[in-house]
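All chains are identified by letter, namely A, B, C, D, E and F, in their written order; residue positions are counted from 1 within each chain.
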Amino acid sequence: MPKLIEHAEAGPEVRAVYDAIKAARGVPDVNNFWKALAVHPPTLRRTWESLSAVMAPGALDPLVKEMLYLAVSMANGCAYCTASHGAAARARGMTEAQYGELLAVVGMAAETNRLAEALRVPLDPQFEA
Amino acid sequence: MPKLIEHAEAGPEVRAVYDAIKAARGVPDVNNFWKALAVHPPTLRRTWESLSAVMAPGALDPLVKEMLYLAVSMANGCAYCTASHGAAARARGMTEAQYGELLAVVGMAAETNRLAEALRVPLDPQFEA
Amino acid sequence: MPKLIEHAEAGPEVRAVYDAIKAARGVPDVNNFWKALAVHPPTLRRTWESLSAVMAPGALDPLVKEMLYLAVSMANGCAYCTASHGAAARARGMTEAQYGELLAVVGMAAETNRLAEALRVPLDPQFEA
Amino acid sequence: MPKLIEHAEAGPEVRAVYDAIKAARGVPDVNNFWKALAVHPPTLRRTWESLSAVMAPGALDPLVKEMLYLAVSMANGCAYCTASHGAAARARGMTEAQYGELLAVVGMAAETNRLAEALRVPLDPQFEA
Amino acid sequence: MPKLIEHAEAGPEVRAVYDAIKAARGVPDVNNFWKALAVHPPTLRRTWESLSAVMAPGALDPLVKEMLYLAVSMANGCAYCTASHGAAARARGMTEAQYGELLAVVGMAAETNRLAEALRVPLDPQFEA
Amino acid sequence: MPKLIEHAEAGPEVRAVYDAIKAARGVPDVNNFWKALAVHPPTLRRTWESLSAVMAPGALDPLVKEMLYLAVSMANGCAYCTASHGAAARARGMTEAQYGELLAVVGMAAETNRLAEALRVPLDPQFEA
């Protein structure tokens, strides 16, 4: 198991990021992901700043963004991220029916992605435009 | 390049699937993916029936489903599927701003998925519920 | 495009491997894979020796071994290997119907593999034995 | 851990699939994969029907099909599927020697697939036919 | 092919990033990667800033960092990144002999990574410390 | 859990490899990876011989080779290999600061690799040379 750095033992750069996460999310403590990433404070800080920017309100609905993050995490085979972004998506209102359909899309895409690559299908001209 | 089976040279099982795709989508011809998959008619038919069922109207908005399919295709590294589902998402109304944010989520998730796995982060108890 | 090292310009270590491949396979020239790998002669030699050992006659039928290699190459998304091992499997007798079923298994496994990981399914006790 | 839906608590659509699996396989209960997939009954049903069709007797020997499924599951890094299809292949007669050779092919293909992609090897003309 | 946004047609946010890249690298124009990423200016800017920070001088030798980037790009199967970081590593002094050994490590790791996962090898106690 | 074959129960071919590993590394016992791989003695022997050759002193510094192996293992998502090669890299002198930067490169490459593939960026002419 990796070392998880708690707030009490963290240096000032790590504490500042933890405090920013807790303030932004209104939570009493940060998730294990951040406590493990604190092994390298610059990566901790950069990852938090990038994630905040990417997930900030924009052209996509926040729930849609979370569902995209969840689906990609499933596709990439990250168990931790599937669990944490699944919880985040549910907290934003994802229903069981929506989760079921998302799962179906992830599974179906895995199959057609693999078939298209295996068959080395050439791009249709209209997709090149 | 794989063999692409055109309607004129296809057997009846393949033609029936091509006709169903053309009718459902209101298009004059099927994409290369289907013409390549026709090398195995049972897989062609099953894949079309499954895809139709998965992408049918349901709890998720059709555009959201297409964006999920696109994001997963990017994560799985399927160039053909990224191009075809990108076109499909645009046809359903995905704006350039939405595409840009989707791309950002795919990239960001690739990074945090990899970091979480590399650090072997243990699941937080609240994600186990 | 990578540099492809032809027999005429190769050093003695590379030539010896090329000659061994040509003799073992009864072909007038080696495939591009070997000509590209020749950029690092020790890796060329080691890869050929390992591949020969792995694909030698044994408990599995040679056609089955080639089909396993092909299916894994598809799963790993290697276009070159899918093409070259597809040709090798056909040379060993793989029929179109067998190819179609192999493709179906690769696609189906991609889907259930992804679903099982996404759902974080716990191992059944009988599989732990 | 995901929720596993037991027969006693399942709705009629899920029960029907469970009963079909038990009948087809002659087993007293379904595996955890199906109990986890039951979170989305349409995906449960579709996956079972597709899997049954793909794995039905055909041009490939049933043991060969199971070994292909196992090898692809290994390549895709699915621990659950590797365990369950490993058990299924053994039940169909895979010997330890065959398993060892399958493992060797999966490992060797992982290496040459990666090398061929890393070197961006161009397809030989004879593979394009 | 994706749209590539040239400096002359770019908006001010994109131009500012292009100018920063050209200044940092002492090159007359940016690579296609940046011209394609300019489809979403915030992702373009964030990616450049993150990449600059990650690749800045630090505890690792700049050539080692480039070789790590190259090896990971090979492992992830990114043809573009393999080509561009291969060129970058050579520009920093990577010799052909070093490239050959890097290639050998990437191939060998692909094989043992897959074997370790396929065998579901339990962690040795000393690795848990 | 896979069967782990201990020295006392191993046959002569396996024992010979175990003894070679112990002698080369100066350790009292081999890691679980080897004990699991011993299920197929020829693959055990071949893997050890290949690994020894690949990791032998050469044009790359031994620590650099270990860090490359570690980074690729992270990219390939192998938890066991990430732990074992992390320990090996530390044993060869990798500092915490170096580990942090390696982690940052692995994460950053995951993101740009994915973005470059998703955007289907065409190779710049200078990378084709």
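Things worth noting here:
Methods note: a contact is a pair of C-beta atoms (placed from the backbone, for glycine too) under 8 Å apart; a residue touches a chain by one contact, two chains touch by 3 or more.
Quick caveat, the model's predicted, so the values are computed rather than measured.
Under the contact definition, subunit A and subunit D share the contacting chains B, C, E, F.
Between subunit B and subunit C, two chains of identical sequence, the interface residue sets overlap only in part, with shared numbers making up under half of the total. Seen from the Cα centre of subunit F, the chain whose own Cα centre is farthest off is B.
Per-chain Cα centroids separate subunit D from subunit F by 27 Å.
Centre-to-centre separation between subunit A and subunit C, using Cα means, comes to 34 Å. Within subunit B, the positions touching two or more other chains are listed as 1, 39, 42-43, 46-47, 50, 54, 74-75, 77, 79, 83, 100-101, 103-104, 106-108, 110-115, 117, 119-120, 128. Subunit E contributes residues 1-2, 4, 31-33, 36-37, 39, 43, 47, 50-51, 54-55, 58-60, 64-65, 67-69, 71-81, 83-84, 86-87, 95, 97-98, 100-102, 104-106, 108-117, 119-124, 126-128 to its touches with subunit F in the complex. Residues of subunit F that touch subunit A in their complex: 77, 96, 99-101, 103-104, 107. Across the interface of their complex, subunit D is touched by residues 39-43, 46-47, 77 of subunit F. Every residue of subunit D that touches subunit E in the complex is listed here, in rising order: 74-75, 77, 79, 82-83, 103, 106-108, 110-115, 117-120. Of all residues in subunit B, those touching subunit D in their complex are 1, 42, 46, 50, 53-54, 128.
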